[in-house]
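Some structures are shown below for you to check.
The two complexes that follow have subunit A in common; it is paired with subunit B in the first and with subunit C in the second.
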Partner chain A sequence: MNDMARVERVVDTGQAKITASDVQVHYGDTHAIKDVNVNIGDKTVTAFIGPSGCGKSTFLRCLNRMNDTIDVCRVKGNILLDGEDIYDKRVDPVQLRAKVGMVFQKPNPFPKSIYDNVAYGPRIHGLAKNKAELDEIVEKSLRRGAIWNEVKDRLDAPGTGLSGGQQQRLCIARAVATEPEVLLMDEPCSALDPIATAQVEELIDELRQRYSVVIVTHSMQQAARVSQKTAFFHLGNLVEFGETGQIFTNPQDPRTESYITGRIG
Partner chain B sequence: MTDISQSGAPKHASSLLSKDARTAKRNRAESRFKLYGILAIAVGLLMLITLVYNIVSRGTGAFTQTFVTLDVTLAEDKLDKNGNRNLDEIKKVSTFGYAPLIKDAISSEVEKLGIQTDLSAKDQAAILSKSAAAQLRDYVIANPDKIGETVQFRFLANSRVDGYMKGRVSRESIANDKSISPAQLDFVDQLVADGVIVKSFNLDFIFGADASDQRPEAAGIGVSMIGSLFMMLVVLALALPIGVAASIYLEEFAPKNWITDIIEVNISNLAAVPSIVFGILGLAVFINYMHLPMSAPLVGGLVLTLMTLPTIIISTRASLKAVPPSIRDAALGVGASKMQSVFHHVLPLAAPGILTGTIIGLAQALGETAPLLLIGMVGFIASNAPDSVASGLLSPNSAMPAQIYEWAKRADPAFYERAWGGIIILLIFLVTMNTVAVILRRRFERRW
Partner chain C sequence: MTMSEQHIASAFDRELESIQAHIMKMGGLVEAAIGASAASLETRDEELALKVRADDKAIDALEEVIDEEAARLIALRAPTAIDLRLVLSVLKVAGNLERIGDYAKNIAKRNTVLITVPPVNDSAASLRRMAREVEGMLKDALDSYIQRDAELAADVIERDREVDQMYNALFREFLTFMAEEPRSITSCMHLHFIAKNIERMGDHVTSIAEQVIYLVTGARPDEARPKADKTSLTV
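Let's turn to the complex of A and B:
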């Protein structure tokens, strides 16, 4: 728990990349997100924590409009990316998702080769001019996903044949391959061993130099280690949002305090 | 924690080495159920074996045929009186003109072998099929230069003689039969002894055309097989793209509302509509209204397309549904469009299921008879093989099951045997198609 002592971390208070205001999400009759207002900074890591079922994934999926694919899901309120409303009628979600990449809670590699998994995004977005460039992107992405050494000799093997943790890192590599500006990660380390977790955290820290990263996690230590800002969700409400150090050492809301000290969850 | 330790004696105290009453009871129930399962399979297998045994034992006869080998002198004075080999004049000689040649040939064969018989030359020649004269005539027209020579021919025997050779016809059974007499059967026995009459494999049954009521021995299923083939081509070319496009749209793109619900219910209803309804629909729409030709495989194919579409749509939708949604999320998550996610990821995963559904739909269509009756693809029409794709689609033809129905309907028991033989061929096609479906599915599913 001594990670929590890292209060002194340098916080880059860059301008907001994403501004969400009065966001409400309904799944049919379930009111899953209630009036959430949050600013996600550029070049920062923002952690979403909270008990299971409190709406972290739901809110994360609002940020790249993945909720559009769920018929019963309705999103209200404003979410601005670089000042532009992503729910505007003129916005094509496909273009948005190229900018806002996502790693899902359950690893979901394509049933294709490892190479094709990573190369797919760059291919459809035309990021590589030729095979050599594509090879380079694939290698770089796999390295950043901390999986290059394990798969470099079998890039043609199916991605679904990897272990759960390897699949998740492959999905991270796939997400970073398209060079998104914002990366949404839904519990990316829940299936990883401590070594791979450390590598992914290192990657997150590196991504922060250029991108904005939002990570959902159930591990307080992880939130404390990698994030600069933390948002605590409870029953669909954003209870508290602030500097990570402050949330973990001096929470304002009693619910936050109970949660991080392990009394509710 | 204290609650558990206070609850008295442990719940599972007995030894693991002996079964308690509950476990024994459950095990008995399980073995009883297994027994029922095995019994059910045994009953199914027994029925299958009976079916296959019946079909094979009744149908194999159609694949062999009795032949009579004769040397025929193509007499110039009868076939080409002027001796100028003018094809138009040769064609004027009808099959009646050839009958004397056959009579002469059989008489001289009898003389050569020294066979004693009281039969007239006409009765002797009657053991041959009525197609023998036509066979001679076709040969002469194709090879006019052979006129005047003696050529060896293999003629089909009459269906009664063929039945006698196969044990279907006996001296008792022909008591009231005017077309053959016991004396002729004696004559056949003598020719068999001399090797003039032999029973051998009959390729013409598989590749030949249907023949008229009078000549069951000459009937083959080949032309109606071509009819079936053209119908299947039409079905494949229409039902597969339409069905797959409809399913992809309904499954992946269409909004879920009451309109799509109604469409969904109606597709299921369509799958349950009896095939004869499609037949009468085809008659009303394609023939009476659109004036497409009667009995054409094109019309048959259109009708069967209507019938197969729901099957293909239902199986395609089922296989699209079976693709895990996480794959769609993954594709959308890296910024693929809906269409890219469907065509790059979902469709390849669903392909084996779609393929299997399509092949099974085709197999169903191949075996369908009822709608063909209504659009006139039955009767003595499969008589000429089509000479081009267009005529294959448009000229009157039959289809395998309709041909089988036609044969089964005719009075002569010799046709009955051919119906069974046709069933064997049809079943070989169906079994092959279903096997291919299974193999394809295995192959594609094993890819990852």
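Let's turn to the complex of A and C:
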């Protein structure tokens, strides 16, 4: 099993981009995340799977402090990005989210032009000195979002006028415009048809050349297709974390086995 | 790891049961073919030999059914983990059983020739003992498959050594016969091929047992299986 050739699947580096240790999350009285320890690799796609309410999205949202916006939510433990504590008081969550971008379940372009959707982040973070530089960032981002060819002739058209799959790729382009190091994706394909899903999955595979990608998905087949590492969450616990091929052929925990084979567990 | 739990999709469970039932049916036919081919050799029963040859068609047909069911399962259910290992093992086991069936059929063919010439000592009885050993191994391998019993499967793998040793002994015996009595060469060549067929059956049973270990543990058996057939190196 171990010498199975995985040329396509080689995990680039053993190096951890994000190190989470003893992470606990409470929503009021609810203990949503229990003692999670995990290393998220650089230039790797990591999939979080598990039944609804298992904590996978909550944990994902800890990684760029999206949970800060929820009053009753308390996060304990350590989450290090390149060795630096992202919950340190000196860390500006807005700056953090430029480095750790996020793509949501439902495509949510701003009610602005395609151009302005992508230019928004670089503008507020002052990444471009002039219009020419901004143009360049927008084009580069739309290319990385694998949507440039479809929109290059109508950059002034509203982003909301695109199809669902195009909107989602626009949102990915918007997320990469601030040159993030990590891209968090919460069910990025659940509102898309199979063709658009395949395009986004292809894009995810390209993005991993450059970024560390973490994807939450309810589709186990999608996790199997796009990720190199898979984490299975259940009732707030990280039950099993391993190489995706191993998780899907020979999971070590009976709860993982029950879940991925579609048994009542 | 045994999976006694049911799938949420109950049709998936029924499909997995069906494919395993076909494996068991095929296994039963193959066990019978081994027994009957060896019996027809010892009792010089031509009718039985012809029956073994005819019955092989049913074995081949079952393999096709199993291959088709497995392909459908992979396409429609996208099995993972234990389910995936089950489907993969089913394909290999069906292939092994089909090969064993072919060897039995080949023995039966040679029997129809051997019946027309005088027997060579008690070699038919020795071959039947060897076939009984392999038949017993196959029965246990199939039991270990259904019971998900990796220990029993490991025991079956170990027992192949005996079959190999029986083959070595027969190989030397046939060489001696042929050297002493050139008129026995035709018979001895057929008998030797029969011995080799039975030895190869043992290898296929071993492969089935290895599939059981993979199915149950998710890992291939760690040690290379015993290889006690030394005749390839005999001068």
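Keep this in mind: the second predicted complex is superposed on the first by the 252 of 265 C-alpha atoms of A that agree within 3 Å, B and C clash if a C-alpha of one lies under 4 Å from a C-alpha of the other, contacts with A are read in each partner's own complex, and residues count from 1 in each chain.
Following the convention adopted for this analysis, a contact is a pair of C-beta atoms (placed from the backbone, for glycine too) under 8 Å apart; a residue touches a chain by one contact, two chains touch by 3 or more.
Note that this is a predicted model, so its numbers are computed, not measured.
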item	value
Partner chain(s) touched by A:K106 [first = subunit B, second = subunit C, both, neither]	first
Subunit B versus subunit C as contact partner of A:N250, first or second or both or neither	second
Which of subunit B and subunit C A:P188 touches, first, second, both or neither	neither
Touching partner for A:M220 - first (subunit B), second (subunit C), both, neither	second
Greater subunit A contact set [subunit C / subunit B]	B
Subunit B versus subunit C as contact partner of A:S258, first or second or both or neither	second
Of all residues in subunit B, those that touch subunit A in their complex	256, 324, 326-338, 340, 344-345, 349, 447-448
Subunit C contact footprint on subunit A (complex, rising order)	1, 220-221, 224, 248-251, 254, 256-258, 260-265
Interfacial residue positions of subunit A with respect to subunit B in the complex	64, 66, 69, 71, 93-95, 97-98, 101-102, 104, 106, 108-111, 120-121, 124-125, 158, 160-161, 171, 174-175, 177-178
Of all residues in subunit C, those that touch subunit A in their complex	1, 3, 5-9, 12, 78-85, 218-220
